[in-house]
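Presented sequentially are two complexes of chain A, the first with chain B as partner and the second with chain C.
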Partner chain A sequence: MTNKPLRRSAQAIAVLCAAALSLTACGSSDDSGSGAKAADAGSVEAALKKGGTVTVWAWEPTLKQVVTDFQAKYPKVKVKLVNAGTGNDQYTALQNAVQAGSGAPDVAQIEYYALSQFALGKSVTDLSAYGAKDLSKAYSPGPWNSVAVNGGVYALPMDSGPMAMFFNKKVLDKYKIAVPTTWDEYLTAARALHKADPKAYITNDTGDAGFVTSLIWQAGGHPYTVDGTKVNVDFGDAGTKKFTEVWQKLISEKLLAPITSWSDQWYKGLADGTIATLSTGAWMPANFVSGVPSASGDWRAAPLPQWQAGQTASAENGGSSLAVMEAAKDKPLAYAFVKYANKDAGVQARIKGGAFPATTADLNSQAFLDTEFPYFGGQKANEIFAKSAGNVAKGWSYLPYQVYANSVFNDTVGKAYVSSTPLSDALGTWQEASVKYGKDQGFSVGG
Partner chain B sequence: MAAIPPPPGTGRAAPPRGRRGRRWLGWGFVAPFMIVFALVFLAPIGYSIYLSLFRDRLIGGTSFVGLDNYVQAFQDGQFWSGLGRVALFLAVQVPIMLCIALLVALALDSGRLHGRNFFRITIFLPYAVPAVVATLMWGFMYGDRFGLVADINDAFGVSLPNLLSPGLVLASIGNIVTWEFVGYNMLIFYSALHVVPRSLYEAAEIDGASQLRIVTSIKIPAIRGALVIATIFSIIGSFQLFNEPSILKPLAPNAITTYFTPNLYTYSLSFSGQQHNYAATVAIVMGVVTMIIAYVVQLRGMRKEA
Partner chain C sequence: MAQASTQADTGAGTGADGRAGTAGAWRGRRGAPSERPAGRRHSSDRPRRSVLLTVLTALVAVYTLVPLAWLLISATKTQKSLLDSFGLWFSGDFALWDNIQQTLTYDDHIFVRWLLNTLLYVALGAGGATFLAVLGGYGLAKFDFPGRRGVFAVVIGAVAVPGAALAVPTFLMFSKMGLTNTPWAVIVPSLISPFGLYLMWVFASEAIPDELLEAARVDGSGEIRTFFRIGLPLLGPGIVTVLLFTVVATWNNYFLPLIMIKDPDWYPLTLGLNAWNAQAATAGGQPVFNLVVTGSLLTIVPLVAAFLLLQRFWQTGLAAGSVKE
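So, the complex of A and B:
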């Protein structure tokens, strides 16, 4: 056991080196231009003419093509695309760079749930000054509400994840189970399926914060209310209750496959029929194609089941934006790239690459809606996704420190999945942990 | 053996004038070491202590809070539960691992085994596997949907308990750590046994001592120093438990909490909670606790030897 301290420190050194490398690689952060107050749409055009360098931290694969196109169109601008990790890894590096005062990129990919944390910490720039406010109609409401926070616009939506239910048609047909349209039907289907084949489950779930909050969102719940630094957390509202009532039964009756999403078992389960449905964001098809190629033709998309028969409510799951950092050297130029990638020509390039856009023009375009998915047996799945995007329930907000809250989800709510703790109690424990952290961080928190 | 000549008288022979100069000269020789020592050992500890006196908040920024973080750490149920968990781990896993290692070392040393070198290498081999790889490998075996446990369940129609459930995951980790480090500890014991003069065994045999008696009266007392060292290393290793739970966490997200061990807690505090200051505090408290326990064990071990 002696080498553990050694190995640990070796790891720490490796992490430090990696951090140092990524920081220096995109370093050279002279602060010129960050004080420029004359920010308007004209300055964006001027910046494009003048040229310069933009460093972008993002993991979204379709951006590579966008960068190539952008540089071809504006030869004076050089874009450095750096993959500094996915999600949390990148946020950690980003937060460290911001804190260190150097090494931060000009543009960073930030998921919707994490954006308000960066906006609050003043690490990202309010883009209203560059004309971003006029773009509110260009995006579907879910993503737009996520970037228009605290009275500003802190990023432009890159993609979106209006939810849909993907189902394995082969499995449901085999046991003659109708595609559920409400969550009550979903529960019935779960029972019927598991009874017919004890190895098959309606879906997998080992406790996923993003999924639970999305379903509460769809049910009309508002567990989080945020007003500047005043935060309220309440998992006792009617929307949350709708969710816990159904989900508690799925957990207690052991109708959920104990398989964690994105694990090897998960891909295997999606392929071999162990997992019959998957309710998630519209960005999923690309993952089906690459991760579950053997089940091509088995799966279809359907609207998300409803909490009340006849409704069409939906919610977002995942999705991310591009934000301009407060420390960016040339903010107008950085904004020019963001706008190109997320509003102008870049969007088409990214759709071709398999991304799901957030722009209403593309969501409603006939070509987009008519796209046939060979993986889904030729189904025009975008019609379902686009409808879902328009039906996202309004008024949802995440915590300004959702990144932390999600990290302790399995500590608290996870108990409901592996013991007899009721889900509603477990959500209460999560609420307590979120409130405590908020108070520690100086928010005035109720709940 | 020739007696070592006493060192030549030093202080007396030197003229008094040179004393001061020579004292500085001495520091000069030590300086390269001292600089590296200060930079590599003292500075990080000093910086951690400095960090632990502040608190950085999302709202309100950084402020000096004195010993508040320490007060918080002592009242932190999550920290103590993590510490309790590694203490339990220490109390159960370390004795098992060291006993197995000792048995194997004695078996190899007895000279009655065929293919001694083969066994020595085989038992040592897991130590050469990186902990990350070892844990991933075991994680796959533990999985009850695919992997070894699933295969056993299928083949024999039984339903083994889920090794990654909250009640069993600590034991599962103990199994991985034992597998990894038995060979390493065996090697420490084996090399200590190697230097015991064979003539002692012969003398004991002539006196009519059984093999068991030789083991308990000669071999084990002779390697007490190695036993103490191995125990101290194991204590430190247990308190620093991180790799195994951290890698198993994605496989058992609800069984391994973010505060499963103190090290994992420190890691989550600073990387998902951005609470660097409090993480530094927890790390220091943990370091002090480890030092105290290792020191107590060392004192006890050495006293017995005397």
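So, the complex of A and C:
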């Protein structure tokens, strides 16, 4: 708490060096020698027999159990699990290590939105050589499309975040507000709730890049189109307009709680009913259980509200993959661990630990769908999540430098949340910043 | 500084413990104005009380103490009442001991490991930095050699460069040497303290009379022996000052280890607490705000203790060089 300002400036510097470093990383993407040697699934088996050490950088808490199980099954393999920071902190460290040529891990956890940046910079290995392409049907489409980029497979999906709306049933019932099924109803509910209790808000939002892009995704927008190094950024399409119309009203009428997600205030708001709904990825239940224990029984899950009544469109929010680094010492062995954790026995261990899988076999298994969540009053919430996973809108892609774009989100779009700047104008400013950065990096950018 | 020098002039002997605010008051009561030159009385014996200054001082005191009070109070709360209650008063069960115990045992006693790491970095980094600063400062103050002006310029220039600006180049260099992710990556850069060197330099030229060294040399003492037997004892207050500076800098160091160290087993406390804090913002992560708060309290306790114990030296050290004889 005490070192917050320091932390912020340190982060700013870290982002700067990440930006500077990715420049060179992207610059080397023209190299034709990708370094992928001829390998096959057999080499993976051989590597497991031979043994060795795999260093894994990840912050996902359920991996601890997976590592224990894996080492028990393959005693010759030693897995060193290191929490090198969460999200951006880790990407910066990863870029630094890649750039410096030493200190990088063999396997790294990378969120879907950030993966194409590492794939294009050739910091992570194309796993096609080890048979990863055959797994395309094993994962739900949203996560798979995020790892299968540029004609290769650059990671295996670890978890996924098909979106749902979590709502505080106690609060909505108290004010006799129906659970909204469309975003228009959501707006009406927001007005009714805040009028009934000026301290209560339909949700919290101070501007979050992941959330905004996910809702535009659900609305069928395609602000980013990517073809190799040809990129187009356009926040003027129909999907984006649907989003800004509703959200602008929520902002202008001050119907959103000015609380940043993941802060202590946020956990407090989720617990005491001042934040009434939360639209986010299906990985959220584990966080409810550990972070908001006092509100157990108050909350329920529902499908994400729709942009048009009667539809079932959804989007992904968050979620991450495990990638094998190009600098890995023993790639077949590293891949063996990734496959164990994200496709084979590791998945079950992680579901038990509260993770939400990306594997279709688990998403469709009866046991998974029938799981009752005591936290949600015994609701079989996985039915909603699994349906959402199947309904993720097709054709979405992130920028190959989304990590940077998200880092300037608050400087641009963030203004719309705290001033009279219209949301659509603010998105335009974000677009300009993204286009300019892309051009500076040597991409051919339109928009 | 001006206050300290006038006190020293009047010979009241209170300059050392530095209670500048109260010193005037009780000296006034002691009276005996006839013993002193009349002109002095006005300026130093009876400082006029200023409401504005008192209010300003009070504001600064509140500004400094409120976060500390918040930390102390919050460390006594459970995670639940931490979120549910007003921050500046006690609420719910008194959970301080429980929190401390949890902090020390959570995640296989990793906090204890971080504490030991920090102690290691401080002992070797700050200790080494002080030792080097004392050696260098003494040498520069007491020996005349060609290039001394050049060294002076470099040291003054180095004081102006913030450590954070050097972190990235240092990282790249250490990475080439294969030192990242080892304790050396934190200890070695901590060994250099340009400000400490400058302070020791100024202090040594004031505190050690050249005549004393001459006398020692005439008596046949070697340079090394002279340094340890005559120089060091005289440098005591300065050494403590530099030591405190470097200890605080190393203890609170965040950016350097953030860049250098990725293995939580080698984290200092600052990084460890940040990692616990970040845990609240991950899918499936467990928020441990109560442990972050209690951990922060435990982290500052040794620093507070060091300040209270070494306060006397610290203040004489600060005043060094402010009096021109």
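Following the convention adopted for this analysis, the second predicted complex is superposed on the first by the 410 of 447 C-alpha atoms of A that agree within 3 Å, B and C clash if a C-alpha of one lies under 4 Å from a C-alpha of the other, contacts with A are read in each partner's own complex, and residues count from 1 in each chain.
One rule holds in what follows: contacts are C-beta pairs under 8 Å (C-beta built on N, C-alpha and C of every residue); 3 or more make two chains touch, one makes a residue touch a chain.
The model shown is predicted, which means the values in this text are computed figures rather than measured ones.
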Next on the checklist: One more residue to check, A:410. First (chain B), second (chain C), both or neither?
Outcome noted: first
Checklist entry - Who does A:290 touch here: chain B (first), chain C (second), both, or neither? => result second
Item to check | Which of chain B and chain C A:268 touches, first, second, both or neither | outcome: both
Checklist entry - After superposition on the shared chain, which partner residues are touched by A:101: those of chain B (first), chain C (second), both, or neither? => result second
Next on the checklist: For A:281 in the superposed arrangement: first (chain B), second (chain C), both or neither?
Outcome noted: second
Next on the checklist: Touch test for A:126: chain B only (first), chain C only (second), both, or neither?
Outcome noted: neither
Next on the checklist: Under the stated touch criterion, which partner chain does A:229 make contact with: chain B (first), chain C (second), both, or neither?
Outcome noted: first
Item to check | Residues of chain A at both interfaces, chain B in one complex, chain C in the other | outcome: 1-3, 7, 264, 268
Next on the checklist: Looking at the complex, which residues from chain A come into contact with chain C?
Outcome noted: 1-3, 6-7, 9-10, 13-14, 17, 57, 59-62, 82-86, 89, 93, 96-97, 99-103, 159, 161, 261-262, 264, 267-268, 271-272, 281, 283-284, 286-287, 290-291, 293-294, 318-319, 353-355
Checklist entry - What part of chain C is in contact with chain A in the complex they form? => result 67, 71, 80, 82-84, 164, 167-168, 171-172, 175-176, 178, 180-181, 252, 254-255, 258-259, 262-264, 270, 274-275, 277-287, 289, 292-293, 296, 300
Next on the checklist: Touching residues of chain B toward chain A in the complex: what are they?
Outcome noted: 57-60, 131, 143, 145-146, 165-166, 177, 181, 184-185, 233-234, 236-238, 240, 242-243, 250-251, 253-255, 257-259, 263, 268, 271-275
Checklist entry - Where on chain A does chain B make contact in their complex? => result 1-5, 7-8, 88, 92, 95, 117, 120-121, 206-207, 229, 258-260, 263-265, 268-269, 400-401, 403-404, 407-408, 410-411, 414-415, 417-419, 437, 440-443
